[in-house]
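I've put the structures underneath this note.
Look for subunit A in each of the two complexes below; its partner is subunit B in the first and subunit C in the second.
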Partner chain A sequence: MWTRAVWLGLRASAGGRRGFSSKADPQGSRRVTAELIEHLERLALVDFGSQEAVARLEKAIAFADRLRAVDTDGVEPMESVLEDRCLYLRSDNVVEGNCAEELLQNSHRVVEEYFVAPPGNISWPKLDEKEPFSHC
Partner chain B sequence: MLGRTLREVSAALKQGQVTPTELCQRCLSLIKKTKFLNAYITVSEEVALKQAEESEKRYKKGHSLGDLDGIPVAVKDNFSTAGIETTCASNMLKGYVPPYNATVVQKLLDQGALLMGKTNLDEFAMGSGSTDGIFGPVKNPWSYSKQYREKRKQKSHGENEDSNWLITGGSSGGSAAAVSAFTCFAALGSDTGGSTRNPAAHCGVVGLKPSYGLVSRHGLIPLVNSMDVPGILTRCVDDAAIVLGILAGHDPKDSTTIQDPVKPFTVPSLTDMSKLCIGIPKEYLTPELSSEVQSLWSKAANLFESEGAKVIEVSLPHTSYSIVCYHVLCTSEVASNMARFDGLEYGHRCDIDVSTEAMYAATRREGFNDVVRGRILSGNFFLLKENYENYFVKAQKVRRLIARDFVNVFNSGVDVLLTPTTLSEAVPHTEFIREDNRTRSAQDDLFTQAVNMAGLPAVSVPMALSSQGLPIGLQFIGRAFCDQQLLTVAKWFEKQVQFPVIQLQELMDDCSSVFENEKLASVFLK
Partner chain C sequence: MATTILRWCCPGRRWVFAGIGGGSRHGRGVPTGSTSSGKRGQRSVAQQPLITAQKPRKGEREWAAVVGLEIHAQIASNSKLFSGSQVDFAAPPNSLVSFFDASLPGTLPVLNRRCVEAAVMAGLALDCHINRRSLFDRKHYFYADLPAGYQITQQRLPIAVNGSLAYSVCVGKRRSQMVTRTAGVKQIQLEQDSGKSLHDSLQSQTLIDLNRAGVGLLEVVLEPDMSCGEEAAAAVRELQLILQALGTSQANMAEGQLRVDANISVHNPGEPLGIRTEVKNLNSARFLAKAIDYEIQRQINELENGGKILNETRSFDYKLGCTVPMRDKEGKQDYRFMPEPNLPPLLLYDSESLPTGTDPQQVINIDRLREQLPELPRVTREKLVQQYGMLPEHSFALMNEVGLLEFFQNVIKETRAEPKKVTSWVLNTFLGFLKQENLAVSESPVTPSALAELLDLLDRKAISSSAAKQVFRELWRSKGKTPAQMVAEKKLELMQDTEALEQLCRSTLEAHPQVVTDVKKGNPRAINKLIGLVRRATLSRADPTVIKEVLERQLSS
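Up next, the complex of A and B:
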């Protein structure tokens, strides 16, 4: 999509708040590219916010890379320490509920018994980018 | 009275030597006096006094509910408490009032315990110092102890005494400080990578991490579902056992709790040491370990040996990778667990209303601090399609190797492992903040997080004071679901080392004689 290409171009050259990229790591480990940053921010819906945050991610990745040294041939991944047991399933009976009013009280925006959300068919980037939105 | 054990206070309550209301008011006044420690986020004064009143009625009729009836307790602020604000020390949940009690909180209340308040922590329990929450850091009560101050006077530089206060460790620092400063008899913490044991060691209290699956996590705002466990902080091992007895057991609302029947137990005295085999993992002897902790660890091993136990060196070969593995699994699960905070149903919500995604993003930017955001982003990185196998699944495989290491060691006849809990004693806050949260966590969780990955029970027991007058604790690790055996060994050790009581004279003007003379019977000065 042309909007996306332009946007990436803007980011790479702008060097502003969003123009982050990493310096090449002397040990040659993975570069955190502007594309990756954008991708992660979109997936996580959390922004990096600063160059320090990007640097921290790089350190975290470098740290995690140490796992490569472990020989895990033939080892199954472990999801839970209780894997040898049967998970408890309770019987499918309604035993509690009817607390809609209590739950609605915790929300900032409610209409009757609905939680109110802004329109969901408008995709990111954020409004402050002042980009034209692409509608699905 | 505030320095007594649970059993002693319970007996005093039954005999009418003190009433729940008096006890409650004492603790509340002490909480006010120790406000500068910043251990509490919310003090639930009215709730506690009301509970005290009801407890008193029960005692008058002779119908006390048990050992915890009328006993002040505190709860870490990541446990849901009905009607009482639960924030996780984060802007995301500031003002959030849960409509239900966490199962463990409910169990405490059902036993008549008095809820003094919610304690401070690192934001969303991420951190090893209790310094990164929105309500500020927690100060270690030992910074103000006679023991520490006297040592500092000897090398005093005439500096302001308060500027160099020490951290409590984390992330359950508020709970540890609350127990250490006598403002409650027991506190709940949470333990994902050592968050209960670390501050316990720094604050000179007992920090118990039960076996994964023994205690319900329903209502504990989750960090890492496969490793989180509610932790128990008390001033002695017996008290921890009492609380564990109340909290353990299957919960239909938490399907990861085991269904085996669990009974409360008293910790027996260890008599036949010859049947006990203690393992010392050699890989835990790292260069970063302070010489003082190392020598205490050695001393403890010798103690067991001299009393007839078998003490052997064992190997946990994958130890050096466990912190990396933990880092990947933790951030990945965090990325998933934090996804629920979108501002729609509860918690903070921003003003942006253009689109759902824009609203979510702004809400999360405003609600989370750098540490939380950093972990979410790292976690999302490891979970990317192209990284999933190489990082997340790889870490899961390494986790199995680590868990297997422990199984092998226990199968070779070892009953309990003995290790340090922390690298050193508590450090001053000014020193702690020189490194970022992730680096600190990686350093400080070294001895504690492997236990969470294997789901084993572990307990930190204070052993002795350092040359600076600060507590140093050692960790015992037991077999899965052998919490009673673990506590038996811990209790024996506690009795042998006779860790000194913290002397907070300067704060306790009108209660000084109670603290100076612990052996004094039930005289309760007003």
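Up next, the complex of A and C:
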């Protein structure tokens, strides 16, 4: 999934379409910097682990880049294969819920019907400062 | 209010410069560095910070502040935005959570029709352009109260754009004049709410309740057209009233149904906009203006001392009364927006474009919703001013208290007294008593009928206005008696016997020859002494103006 996100990011800077911010490579470059890897690892919680993995990433980007050979000027991009489908509208009735017990069984730790999570976000090992991400 | 050290706009003084603070949306030509819609968090990074050749002396420059708001309102619906679990403020933890809300694999979002209607109505009420086609996106970030790891929102193409919100502030030396200002509405979008986290610092853990996860939110983004805390608070208040009138949200800040984030920057008039900070956690109507004003002053102080403003997120600490930084490096927040793959575009129709032969449950007609829009607060206030001849400030005051308008209208219905009299009694006397004892209108011991009856007595001149106030006080304290009964009991009726009054006046004049001489000499205040004496003689049951008239007539003869 991240490949698509990165690709969209590159397309955004290339085609000038509005919407997605990306700290990805400048347009045209195939090199994936260590900084980018670190950034992606933190964002997507994936572990690139080895140089082989990074090489595979670069190959994947190069493969996707071939799409740029197609001239899409003036063509409205297809953002979803569902774009012709009808979006179903549900009536505003309560039909679900009331299954706390079942849901809590999925959690490793539970305190009185609450899920238990570590405080804030776990610091990523490579960072030298904490990220106090408090979101209300 | 820190008016003494402020050298920037509100309240009272205003500078009018192109597009900023003047309330005009059209003068937004000043470069803000915003290159694409919704690129939140990146807006002002491209701006030039204020750099001057020499260090500025304190007090030399004037400052202007720019405030934009992002307001999240919980939609008043039975079920959530994308699932059929219930929306309720108080319920056992995790009892109102469906499999989708808990982000279990294999679940899909299904859009709630009521939420779409709520968004369209809000858009229409704020004069927005309703996008016939809008899209849903995923905004990714990791936090325990966001089980999916992303929030479904509308970043690329929201449901409504380009509207305006008109609000009023008090200006002038004695803040007695009401003027209307406008803040542009950049967009309105539908998005999911997150769950709630309870931080347990003792055990070093966070407890997560997902009851709120997935509840529908309306995010209203206001352009940075406001210039101080007071304006921002007034805009938020008006939005609250509008949403409440529409029924789309109860918009109660105390219950977390309305949350406000502010984007604040300062600059010198005529120069480019400054770096902005985002202040979150403004969840109290009382502290909204205070927090914004604090941040503005903090930025001014920082810049005047030669420092720089960081593009960061801050939080308002209610106890300390100041803003504190929240996240260290704002730049690292990359939300990786992508289209929501499980939801096709949302299509809305109007009467012209409505496709035939479709299930009415599956289509939303904007024109239909426009026809069904309830009366907006602005219109209600205008009607009050026109119908009853009250000042705009009064119409605001009547709408500002829950149930007060209804109370007022009930009194009007039952009394023959002039509307202006009713307005004055309701807003001054009645409201005064309520505030003193911290009661809601619904808890008032005085009913509209009782007040109406009292005002009738006053109108008929059966009692004096001071007697009326006395009766009102009694009504407040003891229930069960009607005003008429009280008046009779306490013998508060005005003297109707003109003969007796003439007699009393004559005897008073005879008993105080010195005062009479003073009056005849031309001392204007002497007559008041006589009036006072007569009043006391009548046990305050005579109208002072009538007494004066009689005395003057007798004195001149």
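Going forward, the second predicted complex is superposed on the first by the 89 of 136 C-alpha atoms of A that agree within 3 Å, B and C clash if a C-alpha of one lies under 4 Å from a C-alpha of the other, contacts with A are read in each partner's own complex, and residues count from 1 in each chain.
In this text, a residue touches a chain if its C-beta (ideal position, glycine included) is under 8 Å from a C-beta of that chain, and two chains touch if they have at least 3 such contacts.
Computed from a predicted model, the values in this text were never measured in an experiment.
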Partner chain(s) touched by A:L103 [first = subunit B, second = subunit C, both, neither] = both
Report for A:Y114: first if it touches subunit B alone, second if subunit C alone, otherwise both or neither.
-> second
Return first, second, both or neither, reflecting whether A:L87 touches subunit B, subunit C, both chains, or no partner chain.
-> both
Have a look at where A:L45 lands relative to subunit B and subunit C in the superposition and call it first, second, both or neither.
-> both
Is A:V70 touching the first partner subunit B, the second partner subunit C, both, or neither of them?
-> first
Using the superposition on A, tell me which residues of subunit A are in contact with subunit B and, in the other complex, with subunit C.
-> 39, 43-45, 79-80, 82, 85, 87-90, 99, 103, 106, 109, 115, 117-121
Can you name the residues of subunit B that touch subunit A in the complex?
-> 96-97, 99, 212-213, 226, 250, 252, 255-259, 318, 321, 324-325, 327-328, 331, 335, 342-347, 349, 352-362, 364-365, 368, 370, 373-374, 376-378, 380-382, 384, 390-391, 393-401, 403, 436, 438, 442, 453-455, 480
Subunit A - residues contacting subunit B, complex = 36, 39-41, 43-49, 53, 56-57, 59-61, 63-64, 66-70, 72, 75-82, 85, 87-90, 99, 102-103, 105-109, 115, 117-124, 126-127
Where on subunit A is subunit C touching in the complex?
-> 1-2, 4-5, 8-9, 18-23, 39, 42-45, 79-80, 82-100, 103-104, 106, 109, 111-121, 129-136
Residue numbers on subunit C that touch subunit A, as the complex places them | 36-39, 41-42, 77-79, 83-86, 92-100, 102, 104, 110-116, 135, 140-145, 155-156, 194, 197-201, 204-210, 259, 280-281, 283, 315, 326-329, 332, 334-339, 341-347, 361-362, 364
